[in-house]
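Paired with chain B in one complex and with chain C in the other, chain A is shared by the two complexes that follow.
So, the complex of A and B:
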């Protein structure tokens, strides 16, 4: 009946050091992913010696929509849900922005962008409210909403069209300060940081983790489970709208047919170390996972592998990484 | 009535056609520790849910300091001054202790001092709750509730899984709450704790408050008879009187039903040998983690032993799958009902599973035959079938009866029971003992592991004590008084006597040094 919870603190090892060691220890998954990413960059450079800063910039620009989608998906998965309508919400916000931005002044275009972000927030809150009020499982509600929002996107724009504001494309391409720091990555990190960091340590942020970790314990701890879930879905909608705007910026038009973002975002979330059971994980992991997934695809293209094989290989790599990760975690717990 | 801090009257709650509460009342004075008692299914947990705001009553009023109160969530209950500590800790496993405190807006300094008071020093606030031992998490949950300084603290089976030393300190701290004029509602199956700690007790039976008792020496009998009601089985009636007859049967039978020889399994079980005979209830007593889990795993076919042999009616057997054991009628009733039942399926399917959907067998199910056998077993065990479409909606005692019914309907020769009455009220307990006895009389061999010492004398003929993975003692149940069992379970020689058996293992350990 040992009840000691921690070894007596050793002299010479400050509390800060211990906190740091523990913090890193808890985030081994993210560290492992960063290692994998660096290895992939080295590999890419070996396969294609001309791969340089402009390719890194292009990569960051092209994956910005998926990275935002992955962040949004991660938030709702941490809260114990899943949002299958995310790709449709991206399409809807993408065409709404493109339709409204035609011939706008720069001032008005900023207002449109903010309005579209709010639209995403509202759409997410509607998804969340339906899940909470109907008590139908998340996966079914958001599967239904996938069709609703996809239809709404077609109502806004029947065919690809519209326009982006002239300032949007430069904002998400090129570099910042040094040619090796893509502007799209800076925009992504700032947006995620501004929205998530204040939340993470707040009661709402803790509640999102609490509801995903153990609903009953969260309820008994005084957390309003319904409101927390709605808030999590609303945040997911906000990031989906940001992803939709990134699509508008990248293509310069609106496309009403949803891209493959829903399932890719779930893949990035899983690879990024977020538990599909909820409660565990962060937002950095999924962002790195998006980079890993795209770099693998780039490498396979450089190697001249049939694109049909390369999706198979991508899938195998994903299962392999998650299996190895789970095995290492298990071994660490046993030790 | 100015000194009443909490008063619930005429509380009624129906779940469909099932009346969980018909007219419950509870009045708690300022500065008292008030026990809430009742057999499983008496409506205790429903009343708790109503008080904490998890469930809304259909009728009835709840007054706090004379003010009418309606709460719809534990958060709202807390604002009116009621904090609860549940059987399963309400700490979030994936958050650190500190984040849990922030989430519930708990003052950290007060929390720390309560944790020290409760005897768990050196808790790392940054550790994720998931990594802490369960006993520590329970203490932290209690410390958090104390730090919030509620007017009324509701403790629901808080001591159920605490080790003895921590239980003592927790009870001590809870008792001192009344010095500050705070009240405690205390729910426990352990009569000793009630007698030791509480001032008054409210007793529920069948959804109604049937009495409020001042807890004084001798009040236990009164509480028990209120809980049992007029139809109750006398819990102290024991069937062990047949011991002499059993001994005769054993002498006549040459081969034991099950022989265990030098069994070795996992890290904990080494060299265990004993015999089980037909028509006998063999008790098994051990402290936590002495290899009993591994023993039951090996006997029921869930785990392969590393060494030794098991003989069934004189022939060596090897179980590679529980189906191998079940085919010989060797069946297992685990302490955790969730390990045996399909919670979302009906009573009928749960009972019929082993014999209808034979493991490793295919083909159509003979429905009329299944129906007859299930019905027979349900009647025999008096299972309350009002909520039979989903087993998870039954009370714990009824769930355990379903597990037993399953094996009775399928036919058994050897019954392995692992703490079958854990968390079950005394009335159902008595019924289960009687059933086990009936099965033995009908020729079954029964192995009954229990963590409660008084059950050995009440339900068994003979007892084997395991310590450190080995059989250290064997005796007739009539000789197995609590002091003897406790000494044996600590690996002490059976000399001297432990006078205060209730003080837990410390006293026994102290006596040994």
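So, the complex of A and C:
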């Protein structure tokens, strides 16, 4: 934004250059992340020369639930909220799918999957409505709902159990066209693309960014703040449900205890360049951030370092990147 | 509920209008909270009269006190508009360090090491939040991850050394004096009094409210915001360390995930206690009652033999209802 306002005052630059500068300025963070990811892949290849396509496929499969969670979290954070109940919603949709998929015909199992996605949408809409109606801060409402949805997951399945549809596992593992393109990544990009790309340019997408950027200004420009927030939470619920289904596909069962997805998704969102203050960032950054965080874990394993250090490194990366980002912003403000 | 009953009374007597009740509850959030606590105890007594006895009192205090100390971390951080999500990891690592160092170093050195480590973690939090202006949620979340990982690795390294909670700490956390005063109160009452007084009377307390209410105004009035935040997060981590030692003593067991279960309840206790997450409004006395309410509620649900699933759902619903009630009371006047 600072780039956009300062660019016209600099003479001797063509419109194309200015557009380029503006585009790069906006996406520097994502480009930096891609650079980091490539560097990490090179590093991995150097540490472990046998690292190849099948490992890339496994990586994509294992991070699919977290990637979907991060995308969901990113949407609600862009709208100026935060969803601490995301992990519980994933657990609830995970067990619901696993419980309903036992002994289903392929046709019925597709219906179940669609039903679970709709369930996620409804759960998200409930979260959003509670935030809007109660006027309690997002973080408190979703903190309370974390317990509610986790309890609901335990009601559905008291102990791990259930089953996945036979077609779910092949859908999220292996490769597509070339062995270097993991099928899980394709599924992820298609799902995100189908849901988000049409939305982003639409009235709702703009409203989500507007509400996140400045609630009052959005309200005064005629945006319905309440409805937009509910829609953003509903979308988060949809992605959480997709993440829950990915868990079902990956494990073949349903587990009623929420995984570490809530906090990790917040970490990925922050690392992915989405501002916690809302209104800024995209969905590609968080996805790349999930890859970066997971690849670091892989590298540590290859290096023979205690895998428990990976949590430490993930934390250090998150804090370090944000500190550097904050430091640069501070310097720019002073300059 | 209580506010509605009050409103009905208020219609009859002209000097006790609904607004007056609302103002009373807004200025004295302790009154409805204590009423809620009494209601919970009456329900408990009604369900199982025999349970209201001395051991219920001692057990409730034993677990409410560490939760109340964790809630102090959240209350202080929330007063400045922040939050401290690293308290659970800090508390756990403090307990682990104490229990693994005590056999070789003696309890005093072990406790000093544990609290020193906690303060050092708080210092890093404070530097990130105060000087680098990182969002408190991100900073403490990241530090929480780092500390948790370190705790696991450290625990693995020390497996052969063994871990025993020093008997002195066990006595402090779960013993009683004269058979009816939990020892932990001897530590907690002065500590709580200190925190409450410091918030109300000391310059630092006022600075916390000032920073949370309007950071820009505070800075323009000459407050060194960074040093306030730095001090705050060091204090918060120290308190978390103390809470961790008490949990270790109360359960007589330590692990890197010992306190994880109490992270979100500590936030809930502060919220129920009437501290605003946006900063500038609230106090510690409410958080203490909030911690007691949550502990009694856990006992109640346990006694009623409510399944774990329903218990969690009720827990969430109650946090939401209390928070929503507060928002109404404080907003509409």
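Here is the rule we go by: the second predicted complex is superposed on the first by the 303 of 335 C-alpha atoms of A that agree within 3 Å, B and C clash if a C-alpha of one lies under 4 Å from a C-alpha of the other, contacts with A are read in each partner's own complex, and residues count from 1 in each chain.
Note that a contact is a pair of C-beta atoms (placed from the backbone, for glycine too) under 8 Å apart; a residue touches a chain by one contact, two chains touch by 3 or more.
From a predicted model like this one, the values you see are computed outputs, not experimental measurements.
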Open item on the list: Per the contact definition in the header, classify A:224: touching chain B only (first), chain C only (second), both, or neither.
Closed with: first
Open item on the list: For A:135 in the superposed arrangement: first (chain B), second (chain C), both or neither?
Closed with: second
Open item on the list: After the superposition on A, what does A:199 contact: first (chain B), second (chain C), both or neither?
Closed with: neither
Task: First (chain B), second (chain C), both or neither touched by A:37 - done: neither
- [ ] Figure out whether A:213 sits in contact with chain B (first) or chain C (second), or with both, or with neither.
- [x] first
- [ ] Mind telling me which of the two, chain B or chain C, contacts the most residues of chain A?
- [x] C
Open item on the list: Touch test for A:186: chain B only (first), chain C only (second), both, or neither?
Closed with: neither
TODO: Check whether A:47 is in contact with chain B, with chain C, with both or with neither, and answer first, second, both or neither.
DONE: neither
Open item on the list: Which residues of chain A touch chain C once you look at their complex with the stated criterion?
Closed with: 82, 130, 134-137, 139-141, 143-148, 150-155, 158, 263, 266-267, 270, 276-277, 306, 308-316, 318-319, 322-323, 326-327, 329-330
Task: Complex interface listing, chain B residues touching chain A - done: 52, 54, 73-75, 78, 84, 86, 88-95, 99-100, 102-105, 119-120, 122-124, 126-128, 132-133, 135-136, 139, 163-166, 288
Task: Sites on chain C touched by chain A in the complex - done: 83, 128, 132-135, 137-139, 141-150, 152-153, 156, 264, 267-268, 271, 277-278, 307-317, 319-320, 323-324, 327-328, 331
- [ ] Please give the residue numbers of chain A that touch chain B in the complex, ascending.
- [x] 1-6, 8, 19, 22, 26, 203, 206-207, 209-210, 212-214, 216-224, 279-280
